[in-house]
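In order of appearance the chains are A, B, C, D, E, F, G, H, I and J, and numbering begins at 1 in each one.
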Amino acid sequence: MSDKTKLLETFENPNKDREYIIKHIAPEFTSVCPKTGQPDFAKIILEYIPDELCVELKSYKFYLQSFRNDGIYFEAVTNQILDDLVLVTNPVWMKVKAKFNTRGGISSVIEAEYDLYDDFDEEEYLN
Amino acid sequence: MSDKTKLLETFENPNKDREYIIKHIAPEFTSVCPKTGQPDFAKIILEYIPDELCVELKSYKFYLQSFRNDGIYFEAVTNQILDDLVLVTNPVWMKVKAKFNTRGGISSVIEAEYDLYDDFDEEEYLN
Amino acid sequence: MSDKTKLLETFENPNKDREYIIKHIAPEFTSVCPKTGQPDFAKIILEYIPDELCVELKSYKFYLQSFRNDGIYFEAVTNQILDDLVLVTNPVWMKVKAKFNTRGGISSVIEAEYDLYDDFDEEEYLN
Amino acid sequence: MSDKTKLLETFENPNKDREYIIKHIAPEFTSVCPKTGQPDFAKIILEYIPDELCVELKSYKFYLQSFRNDGIYFEAVTNQILDDLVLVTNPVWMKVKAKFNTRGGISSVIEAEYDLYDDFDEEEYLN
Amino acid sequence: MSDKTKLLETFENPNKDREYIIKHIAPEFTSVCPKTGQPDFAKIILEYIPDELCVELKSYKFYLQSFRNDGIYFEAVTNQILDDLVLVTNPVWMKVKAKFNTRGGISSVIEAEYDLYDDFDEEEYLN
Amino acid sequence: MSDKTKLLETFENPNKDREYIIKHIAPEFTSVCPKTGQPDFAKIILEYIPDELCVELKSYKFYLQSFRNDGIYFEAVTNQILDDLVLVTNPVWMKVKAKFNTRGGISSVIEAEYDLYDDFDEEEYLN
Amino acid sequence: MSDKTKLLETFENPNKDREYIIKHIAPEFTSVCPKTGQPDFAKIILEYIPDELCVELKSYKFYLQSFRNDGIYFEAVTNQILDDLVLVTNPVWMKVKAKFNTRGGISSVIEAEYDLYDDFDEEEYLN
Amino acid sequence: MSDKTKLLETFENPNKDREYIIKHIAPEFTSVCPKTGQPDFAKIILEYIPDELCVELKSYKFYLQSFRNDGIYFEAVTNQILDDLVLVTNPVWMKVKAKFNTRGGISSVIEAEYDLYDDFDEEEYLN
Amino acid sequence: MSDKTKLLETFENPNKDREYIIKHIAPEFTSVCPKTGQPDFAKIILEYIPDELCVELKSYKFYLQSFRNDGIYFEAVTNQILDDLVLVTNPVWMKVKAKFNTRGGISSVIEAEYDLYDDFDEEEYLN
Amino acid sequence: MSDKTKLLETFENPNKDREYIIKHIAPEFTSVCPKTGQPDFAKIILEYIPDELCVELKSYKFYLQSFRNDGIYFEAVTNQILDDLVLVTNPVWMKVKAKFNTRGGISSVIEAEYDLYDDFDEEEYLN
């Protein structure tokens, strides 16, 4: 668990009876390559089905901004965002997809998923 | 049940023998953020399989317009639209997807679904 | 069964051994709103797996044109096109999708489907 | 079996151990309408999983060009291309999709498929 | 196993507990046609679920560049890239999709897949 | 001068001191080919600098709809719309651009312009 | 001069020596049709060359929001925005372009321009 | 003057008082490379200001189709189309733009223009 | 003159005899709003005609990155980039266009230009 | 004059009486960075008005391919292509535009032009 989780605020899910999907698309993520010190840029797509708690949007923005001058790898940052958000909101299901800008002529997408009961049928929801 | 349901009119489903899908795409939804008082903008995508009743299009337009100066959160308004329409039309299946414009560099999509028999196989219909 | 079915001609399916899909996309459909008398515009997407008969393309064009000055609702016209074509061609499977232009800031899509054996697995064919 | 199959050359599948997919997209197909004598234009999309043999690309180009002045219907030409290629390459699975240009305001897509064991799960491969 | 595998470096998967997907999109691949000596151009899309090891991005770039003046066929190069990467990273699942530029009016896509347990349900991950 | 001009209503230009541009884009124009009786479809783009009068939008819609069942050629209808609107609004400058759907594989655009003083420098306004 | 000008704040042009262009694109403008009471939606594109003063962005946002429940015509609102901004910032050159959403199947664009010396050669700047 | 001009029919310009522009876009042009015998494909864009005569659309379609099996170079065919149409319609101004499909990884556009008085200011009309 | 100019390196123009245009498009610019401390994001488009010196691309990248944690306004940063580059390269002509991401629902573009002889005819070069 | 000019073949302009434009778009150009040894990729857009000679397309393709393993800078290669083609074809007017892929997050376009009489009015031809 990273210190950054303190930045994340939650509010009570206003519709606990129904499983529904919340998606936040943040195209302005930037961090720094730990090897070269060069800035990296990504679009972070968060999708989740809340249980008791939803992540508060403004605090989520500040959370993402907190990586601005951190040196961190593509794979690590994607998994950390998922870990932090799962810890704080304890959702039914959650997915983080990070689309990184081209580096050396190659662009990368990292996609990690969490499933409370391990039986979420994504097909039924997302088409 | 909100008072707004009074705005919604229905007409009899002209094809009760066949399960078919009706989709209304409304890109001009606007309400107000309850915290900041700033206007929010969204595209509301409604899809449903009618049972006995269909929602009348013009009354649906007025219903959506009735949120114009209401202070209401993304998650709440999406679920309320679904609740109100389910109550009034009692459909076989219904989904509301609300795509909100960028706020603080982040855009959001909320998607809620209702299923009368809880066994609707969306894949079979929607591709 | 509508009188318009007389406009529809068929020809023998040249490949009865194989189930294959025929799709006709007609973006120039227009009819008239029965309430306001205002013209409506739609793109009609027909997909089907023929059994013994295929619909002749030119006659299908004239069939669609025959709605030009008819007053008819979105839901009704979509279902009628499906009914008429099923009656005339008796297909294995058929789907009609009608995408209507924006009216009052809202655009609509109606989608109706016919399945001879009620077990057509659309996923296997259409992706 | 058409005479045109003589135009098709094959080469040995370089990876017989693994089922993989080959796709050739040919947007410059043209033939002639048997009724009106007017030229038709289509994009031919061929997908297949080879068994022992692959179709040689240049010979496939000449094969498609051989239809240039032939009078042949949409449904017939799509099925013939599939039949000829199945005969010559004997694949595990093959699909031909032909997208024809607009005629009389209507564009058409014909899609035919061959499956050696009749149990190919396209979903697993193609998304 | 090709000599080129020496070019590929790996690093330890930072999240071995979770199956997640890594995707690298390389639009600047070029090799040479073994028949004509003419250059070929492709976009290489690599997707995989790592087990113990991830492929290091810069070494992967050099690996792809090493084909620059090699004479090699579409089908062969796609399968070789998959073979080399599976050998070096031993992943849970991996797919290589190569989209080649138009030659003689026809463009080609070759797609090959590796599955450690042969039961990977791609649908669950990739939509 | 055609009878249809009676359908066109005007309102007083609210800003007579300043030359400014009004543009109305109407993608739902349809008329009938005088030769074949087949429907034609076009997008009508009207641009003008008003002098004393502006064309009222709803009446302009009805005016365009009045061609629905008229048999008239591309070139004639474009020029008539310009003539009628010039007559009724007497503008400083006006242009009508009609983009017709594909017929026989060919789409057409007709563009006619009126200039009160014959010295309008379109470049200064429209880029 | 409208009361709304009080909402507009300015700041001193930080580069008075050089004529340069500032452009603000506001896609979330909404007002109300004075005839029907129905909401209108537009994208407001403001371009200007400042002299002594620039318009402050946040105050400009509030200024545009102040039209939310005003009944006002397309032509009037576009010219008023230009008048108000010219009055408050006294620019070298300014242009307001308002692109309104489709109403009755027709979308509209109103474009008004102000030029201090009446000899601005837009071509030299904007291409 | 080529024999093909006999295929071109004309009709009297219905609006001789006004200089206006007619544009025909034909995306289905095909001829044959005189060197290799391989088919070439192009989109032919014809624009002209008629004087006394307009080219009849259907005859123009047949004229373009007459090149189907002719061996002719890109530059030559573009100039011939212009020459033939100028001869037959004697326009005020005419331009032919031919956009050829990729050959050997290179696509080509040839553009030729005719001006009766050699002083046509295209800028004034076409933006 | 800012300290940042020390970051900019130049190399001798390899073609001093000919006036030609160099354009660098940098979509990953980020700085910080001096009021709110929130990050801003922009695409910086630099175009210039070199005289004796060209800006070295890598040093230009580091120069742009140096703004990463600076608090600076849209108008100021655009003009500073132009000032710094003019000072260091002394070009014949130069233009900086900065396209900033949406803030409060409004996106902004600032465009500043430098002309050594004040008679550069941009039209002749850029279309 | 580079040795590569020997690769360029010409043919006589078939229409010397008329000034017309020839454009060749080559998206598959690749060379090598002289500093890093890394491959560069560009789209080369050549436009010219021929005088006596046209460049033969296939030889032009081989000419561009000859840079494949050359170490050469963006600015230099663009000007060399223009110099070589001017020398070999002696055109009335010629322009070379090279659009290079992103390097270090920045993409570049170099554009150089030649004019025999130095009075070519590009606006008259190219819009």
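Following the convention adopted for this analysis, contacts are C-beta pairs under 8 Å (C-beta built on N, C-alpha and C of every residue); 3 or more make two chains touch, one makes a residue touch a chain.
These numbers were taken from a predicted model, which means no experiment stands behind them.
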Any chain that touches subunit G and subunit D: C, F
Centroid spacing, where centroids are CA-atom means, of subunit E and subunit J in whole angstrom: 34
Euclidean distance of C-alpha centroids - subunit E vs subunit F, Å: 55
Distance from subunit J to subunit H - Cα centre to Cα centre, in angstrom: 27
Inter-chain centre distance, subunit A versus subunit F - centres from mean C-alpha coordinates, in Å: 51
Residues of subunit I touching at least two other chains: 27-28, 38, 41, 101, 104-105, 123, 127
Chains that touch, pairwise: A-B, A-E, A-I, A-J, B-C, B-G, B-I, C-D, C-F, C-G, D-E, D-F, D-H, E-H, E-J, F-G, F-H, G-I, H-J, I-J
Footprint of subunit I on subunit G - complex, ascending: 13-15, 18, 20-28, 54, 57-58, 60-61, 123-125, 127
Residues of subunit F that touch subunit C when the two form their complex: 28, 30, 38-39, 41, 65, 68-69, 101
Residue ranges of subunit H in contact with subunit E within the complex: 38, 41, 101-102, 104-105
Interfacial residue positions of subunit C with respect to subunit B in the complex: 73, 75-76, 78-79, 103-114, 121-123, 126-127
